[in-house]
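Going by the order they are written in, the chains are A, B and C; count residues from 1 in each one.
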């Protein structure tokens, strides 16, 4: 067991990837000299040099597209887009080229590209810097979308993502970088299965990424009140581990999905649709969701807190499914 | 005012000259067949014909090596043909048949071929440039002496992707040969109506990149300029920008009423047609006779006929295979 | 002769209006020559002909709009001689988009008796309640919005185990009373006689299986529907079984309206009717039967649905006995019963075989018919079920 922060865990994974495979290189804004916006890549330029840790100009479209081209050309690039907010500038390359190339070419070309993005809100960085658009990417066939929510996953999910012959997008919630946890020595090579973080039977709390700690906190409070909640960490957003979701729902017969995206058209909506399709007759209460309110993220702290999912809202939703 | 037709001696031996002529004729007759087949409903969706621009693909691609990378646009049938895809596989692709180069999944705008390193067939204007930069980046990092030729139109010059890619390629000295096929119109918008600076070479030069304008109707000029440029790029001199000034004799795509340009302008440009002007020069030098030309045309016609028959005989992918090739390994989302 | 057809000139083009002919009969056409100008949604487009020949006949006049693929003109192939003038059908002009006839307004649904507002029961609770034979709507719910949950059902099942069944929900009291009165009267007043006939069902079941294989699961037809239709058609041979005993005389039924005996969850039988069974096809009958059963069980029948039937059929289904000799529902004069469909020994062509059989029985009013008539009916019924394709 080692104690690491999420940031340190991701850095360790990047270092191991760079050291073990000469085809791997990192490309993004301020990943090199600046040490990374979130200090994830700090020290890597010094260790591996400017060819392997490339600072790119502010040209998301070009350097994400270049990442695609380099992957096509035999490299294993890890492109860092500073946040999901700026990824909108590169959306064309991600959706219209990376996701589609294999299919459009009749299977001739694949894009083994990893894109890492910071995501989420909670630090008062206001409307244009606070999006959670994981669901947009999870919508597109051809992409794989991951959301490591624990330090162990931050360390372990990069390797299978790099090994995957198709484009994989890794979402790192900005609030998780300082999270510190014990991690086991063994690596988890799996990037597709959801994980039960807390076993329970009264209600299933399904969540991912930055909402995981809040959900665990809610579960602890519920336990103190005699309500035994199960917490399911999705880990992979596309593909979704539907089997795990249904198993948890069938066991608990009640479900609350916690998702930081805006409620309308959220990933939570997709999950609930699947639950309704396949486990309707196992439910004791309508499925519930806790999402962000339908408002651009405000700057003032109390407003931002009110807009985002919080343990209090999760607890209330869980109790409501129990008729309390 | 249009310049006079390309003229002057052709500095190539007879067989290479006939190779160039044959390839231009093959493109022309294939494109005409596509137009016909589109009208008959055999080809659907969007179809963009290269008629009038043949000298660019032929002259440029004959100056590249088989191991070079080629990135093209949705007006890429000619590039695919010269690069080495068979007419059979191109036409079958446009018919949507499994025997097509992209298994019928791509259609006219998405011709891909791993063997000849043809990376599309890209339908987003400007979308191929970052891709080309990436391919060149991989070659640069692995020290592979290879050129990535990226073909795009004058319309792409307005997209952010063009500017970002030119900058990145020049900044990192990547082996990209930017080939701009300036046919003066981005769909229905002329260059003059969309660019504050219509000199494309001036734009390229502003990225600290060597840039040259070439008469795109003259296959000799195209070939010579590309030979020089690719040598530079291959030797590590960084990216080069070539502007091929050309013209498309037909509409942007099928079903374009061409309300944005003068019929007279089209007729004037036709006097600079790449095929008839080149064959005239060859005949003047005694490298080609009329009989040889007709024989060649018949041969090309036969190739087109065989390709059409191949495509017609082609099979449809079974619907059960719908979800293949989304990922390397098929799985539920 | 070469057909010159209107080509598709774009992804979204379906039709075009001929604006101008550029080549006229007798004039030559070279490959790629513009032959006509056609107006489309976007603009006027020049249409080329890809074949060599001579314009022979322009089939579509200027100003007419035609679909893509229409033959616009006929060309003589090079070397071909013009045939003697004859008529050739002109391409149909596109009819103005006909306003689709308004679908006949559905007959307003017969207003069902308004049941009590439906109680919220969670899906899993409902499922469990059904398994236990408990009516979940009678329970108090502890779930959200007072919904009955799985726990509520299991608690109720546990509490009531040895004692009597949980309280039956409010069924319309007048229907229950009506049934009780009718059965008592029937046995008191009607001199019943009983006949039975064992009917081989192999052909019917094989035919049904083949039919059902072509249908989606939701539209599959049950053997019971075959039986209903067979009864309806067989009644043609014995019309004195179809009707009412009123004021001391037999009144034949106005049609063949068959009452279908339906068991109710809380015990008891009810037999509302399907009208004109002899005239309806099997798919329609299946559909009506399904709806009737669910309305009956939901307690939303009207009393007239109980008084219209001219004969009743009772079918005990898989869980029933071999034969059923039922009680006639007055004022009807007959009841047809079907026992359990099962594979039993049977002699066919002198050989002992195991085939699916069902025993059909007739309970009939001896004031109106006798054994001969009754037997004629049963024989006809048996025959009908040997020719399922005619049902």
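Assume a residue touches a chain if its C-beta (ideal position, glycine included) is under 8 Å from a C-beta of that chain, and two chains touch if they have at least 3 such contacts.
These figures come from a predicted structure and were not determined experimentally.
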Discussion item. Quick check for you: compute each chain's CA centroid and the global CA centroid, then name the chain with the smallest gap between them.
Written reply: A
Fill in: Chain whose Cα centroid lies at the greatest distance from that of subunit C
B
Item to complete: Let me have the rounded angstrom distance from the C-alpha centre of subunit A over to the C-alpha centre of subunit B, please.
Response: 41
Practice prompt. Provide the C-alpha centroid distance between subunit B and subunit C, rounded to the nearest whole angstrom.
Written response: 60
Worksheet item: Taking each chain's centre as the mean position of its Cα atoms, how many Å separate subunit A from subunit C?
Response: 50
Worksheet, complete the sentence: Shared-interface residues of subunit B (touching two or more other chains) are none
Worksheet entry | Where subunit C touches two or more other chains at once, by residue number | none
Worksheet entry | Interface residues, subunit B side, partner subunit A - complex | 69, 100-106, 110, 112-114, 119-122, 124, 127, 129-139, 141-142, 160-161, 164-165, 167-168, 171, 324-328, 331-333
Worksheet item: Mind pulling up the subunit B residues that touch subunit C in the complex?
Response: 32, 35-36, 38-41, 44-46, 253-255, 257, 259
Discussion item. Which stretch or stretches of subunit A touch subunit C in the complex?
Written reply: 253, 280-286, 320-323
Item to complete: Name, in rising order, each residue of subunit A that touches subunit B in their complex.
Response: 25, 51, 56-57, 59, 61-75, 77, 92-93, 96-97, 101-110, 141-142, 144, 164-166, 238-240, 242
Response to the item:
So, in the complex, the side of subunit C touching subunit A is made of residues 122-127, 141-147, 149-151
